[in-house]
């Protein structure tokens, strides 16, 4: 494999960047230079040491030169790959995203992708992505760009808006959880040990975090048909309140039992393919109250925890044991290997619609399967879900398009139109406007 | 003009049928035979006398022979025009449509077009329309069919579903109110006497009762630009609660000041083109409470009033004065004259989408302008509204399509999918299901 | 009716401009200023006198002030209407358009719309139209622009390419001939006197000069069904050679008997709606030889005649009798009256596709019916012709799009691609290239 | 790998069937039952012995049971795979396909896919495929069906027309030749030994035999850019007449130097991706004369040779040496392995358009890349070629659609419309009709 120059934008938040470095160390055929860039220059510099520790711990010293570069243009120059994972705005901005809507009765389980919180986060993030894309167009127009930042769809869309010839994709692991869930089902249905998630072949459609499985097979067995059978079991939708309360106590914000994913299968004939806490935010009928949400075993991630852990992450010191690499479930490095020509892979990706999703306009960022090869990503045509799912996904994608347009044109009136059109919006028009104005102010957002 | 055989299906409820007969008497160039049919055979027979009274009072004796026919096939045979205006189910069915959702916190101002009430009304009406269309296909396949029944979009769609070659349109006067509202504005803006609504040229897009004006001119003046100016006047959105309470007291259910129509102009850059009580039902942010609705000067039509007046209408005796015809604002007879070859007219019609609405699938029943000529209706391509309006209208049209499909296939699970997807749905999934089951039962709906 | 400032661009060729002036004089409600502009400044100045003569002869002195203005920007300033009818290039350029292809065996009956000749004519005309459109955008962006110049589709497309907000349409009388042909048929079928062509209601689809009638009625009678009956009459396709030879002798280049229009009805189930000499040029099977063409009674207009008459037209002196106005079959002034607010009209127009033609991409210039009202043209959705007609029209429209793109981008290689793709092209690739190069040279075309 | 029951329909012509059997023998993981069916029952029975000889020669005795079954339904029952390769009509029917058009001046190099010959061949083949599809629907609806018969697009389309739920694909090796051609170029450009064609990654679009490469890479190198460079070399289009005459003498009908494929690259910016003899038949400018065709080094396959060799093939006796298997360039068995779950492969396939080809209607049979996995084929979205190529391919696909419709509806008038619309048609309309009638008669085609 060719020598590769990789630029990591962000990563000051540490956890994600460290996982990426471990994967890089694990994949022994990659080598080259790792450029670290963060608006927090010191954070980038600190990460150099961590990166070198990762390489050392995994017997990969010398495979990658690691440098922190303060100037963005310089950091990007000559890069083959650019990896973006940033936190748009200070953690305290998340207060406005999460707590203000709650005061008006709008509950959000994550609040970084959709809903009032997602829209405000986009309002902070997109100008940064517009700028990044322009710089990439200037300093490394042929580089492949992998975005990990939420709101995934909108951040990736922003890259294409500002530099239409960019070669970018959004990368997200939520779908893997669905594959793992199905892999466990396979184990129980067929009495085999749990297969690797990659053996669960799925056909996928939607937008990031609001993705749906239209077909799933394992060794040719139709898994959806079996799952539909399972719906009849009263256990499937048994009250999850007790589980939820335990999760609250244990701060297990990310755990779920796919009850909301399965609820889509029950009512819409299609399995949700993201964590329940994400799926719940795209429709009005799960987040009417915490009590309602808890019946699915799902809890909301509170602002207070985000505030506390952001600090912990920044300050964490890693022991060598923490940095030992093994086969991970993240795909960033695998994707990189494909694009560098080392192998071919079919996986879920966030990319502009070229026809892979029949029910969304061309150009929208969508999530579905693609074939990754050397310097090439080609989308696979996704099977159509039922009209009802198309309707839900299209609403979400339209609100995203309005949000993108509004931020691009610096038009907060159009942003309010998007805000009002969001599926979580259950306020009167005047209360909605009041909340919108407060949130703008809390984010200190001005053009 | 040729002799015309017209069949009126329904009309037992009287008021509408009598207006149609008055218009028929007023338009002196029409003549022929009027066939009355109602599932309440006696109501049809009683209406013969009323029809003859209308003709006599307006010096039109002999222009139309009037007959009541008991058998639907016989009634339709040889007809050139079929006019449909029926009440699907007993008035008491409206209890389930309106009161049950209210018990769950879902308020509806009309409840016959959209929302839980509209869906259940469709569930009662559509099987009747499927049957009507098949009979029309059998007994008068070349007749033009004008539907006045709500839910207008779905009833008209049902005709096409069951007999695709039908020549049908849906006819509604809500848009005329918007033209009249603009005509009054013209009077105040230009210091002229209020022009006839037909002088207000509008470009129109949407589905029935959720229609939007993208352009409006009078003698070449751009009325939308002036209306946008008016939005800045604090009076435009001044609190309408007092007005609403007075309307409640006076039982003025149908009055409005277009504040909701204008609210769409404010937030979505496009004027709503139906009465506020209709517009309010298609989005979640006006019917959050009666207090909220009242601030727009709008009140909900209560079930109790419907029950009371249904009885009054059936029993009413008409004096000759009541039946004197003059130029009315209804267009049924005008449309008939066009289709019979007497003139050409551009007006708003509900018809299958052949391309006139770019953002909805072909075949959906949409409302926009069309050219009516002898035996021909050709849709005019409507200008595109902003994406945000396209998004709202498409949601509504998709839910209508699911509803149509569900009733056609007698699939109440799919009907629940539509029910859950309705923009007024603000319940948890389980409460929604509970309400759905109760409403089905209240309507005594079984396949 | 409001005072109107009209600018006529071109008209040095006289005949067309004089007809327009006569129509203007005949329509007594119009008045204002007539600005004459021509690149041949003297020709414009000479036309002032003719215009004044026309007004005088028709008792309209003083209704229009007539001025010739030498500067294009000045001429356009403040105009409400712009009428364009120019001759792109000297008459001698037509030699290359017509005679060179003939030397290679490609016969053209007109050669100004399609085929090698049409493409080269576009190559001369479009740069002029790009410039005109930019000037209109600068000096009278709100004016309505009516184009009469061929190639109609491409010249009108060029206006939109260079100034997308232009309010332009292409106006052509070929379809009227089809209506007149049907009117005469009505007379013989129904034993009535020939009705006015406006009474023949047609549904229309295609691109200029390659337009098709999908439906035609007169007083509700289906004329297409009767025409299909006529096809069985051996007379319909009887050998027209003798007629053709007589036409040749009498220089009746424009006469035809609709045999080619009817040949489309026979083989493609759809009536051609332009003169046979135009229709013949869009497909390969009529112009294989003069002998073949003559069997349809059609003859080619020779270059020699064009050369001779161009001179005669320029030098002609008009007597008062020549200039007496009566109701004409041209619609320019009628269209102007509609756009000025004087009346509403449904007629065939060349406009960007907004959805009126389902089988062509949006934005292409297409010909179909539209509704003309004050400051508004709205296209009517055209009924779909059979796939075979869609296929033929789409080929033509695609070649036009390539031609437009090539000339816009000054890319003669892409222009050759269009040239090779034209339906009349029956040469080997190398001969085609040879011809193309010669024609470019003959037209003295350089960027 | 699972035991597989494979039915081979046809194969009486021997050569193709024997290659398939050799590939089956070579792929040692397959096993099961091979059912042979041919309308010439004796031919099927004779092939049993050959199949057993193939297995024996390749040390695969016992891996497949081989049976000939006379009844089609019985032959299909329980099959997992159905392979179709038939000769529709006697070899003498090809006389009408090839010689009659030649008498009218229409030259065809192959005449089995497009042009007059292709249409008549379709007229013979499609009724057989309609029948096959219905039988498959009845006896093995879940089987995968691989069609090898020409006209490939239309035969595959016929399967879907008659049994829309069929799981079928068309399989063709023409694209492999293009990959091999590029592989040889790679060898000369990069000074390496010729890589396996599978290393040449291409993006592909079109319909069978009229397919185009929009992108081609080898190890990340852009091969199209280099090929465009090669166009400037005068050798690229040097006169191939001498080569052609030598090929005529040596009966090398199938050889070519991609000069026509490259001619598309020169004039249309896109490389043709089939043998030149196929590409030449889809446009009018290569087959104007044999002299013209020969300049590209291409010759036409004559009827006389087809007649002679058909007989030879039927009578051939195979020695063991002839039947020794090695890695072949055919993919049928590889495709089978993918669909049976043994591996994943990206390759070119003929399948209904689900969105992979943006410029063709959904449902049309198109050729592009797909991902083959266990019981699943998902199309990959093809990159768009320039408009000029879209235009050419769409014409061909439209004519195919008309042909399909005509044969399905037994409507020879519509078939004539298709015939007239074919790109090779250069006759006058009346000559075209004469030829059409003669060809129908020669094929003894009646409904």
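First chain written, first letter: the chains are A, B, C and D, and each begins at residue 1.
The rule is simple: contacts are C-beta pairs under 8 Å (C-beta built on N, C-alpha and C of every residue); 3 or more make two chains touch, one makes a residue touch a chain.
Remember, it's a predicted structure, so these values are computed and weren't measured experimentally.
For chain A, the chain whose average C-alpha position is most distant is C.
Measuring from the averaged C-alpha position of chain A to that of chain D gives a distance of 44 Å. Distance between chain A and chain C, defined via averaged C-alpha coordinates, is recorded as 56 Å.
Touching of two or more other chains is recorded for no residue of chain B.
In terms of inter-chain touching, the protein chains here make up one closed cycle, each touching precisely two others. Chain A makes touch with chain D in their complex at residues 201, 203, 215, 217, 219-220, 341, 344, 346, 354-356, 358, 362, 369, 371, 373-376, 378-381, 383. Note for the complex: chain C touches chain D at residues 263, 267-268, 284-286, 288-289, 292, 295, 386-388, 390-392, 394-395, 398-399, 401-402, 405, 414, 416-418, 420-421, 425-430, 432.
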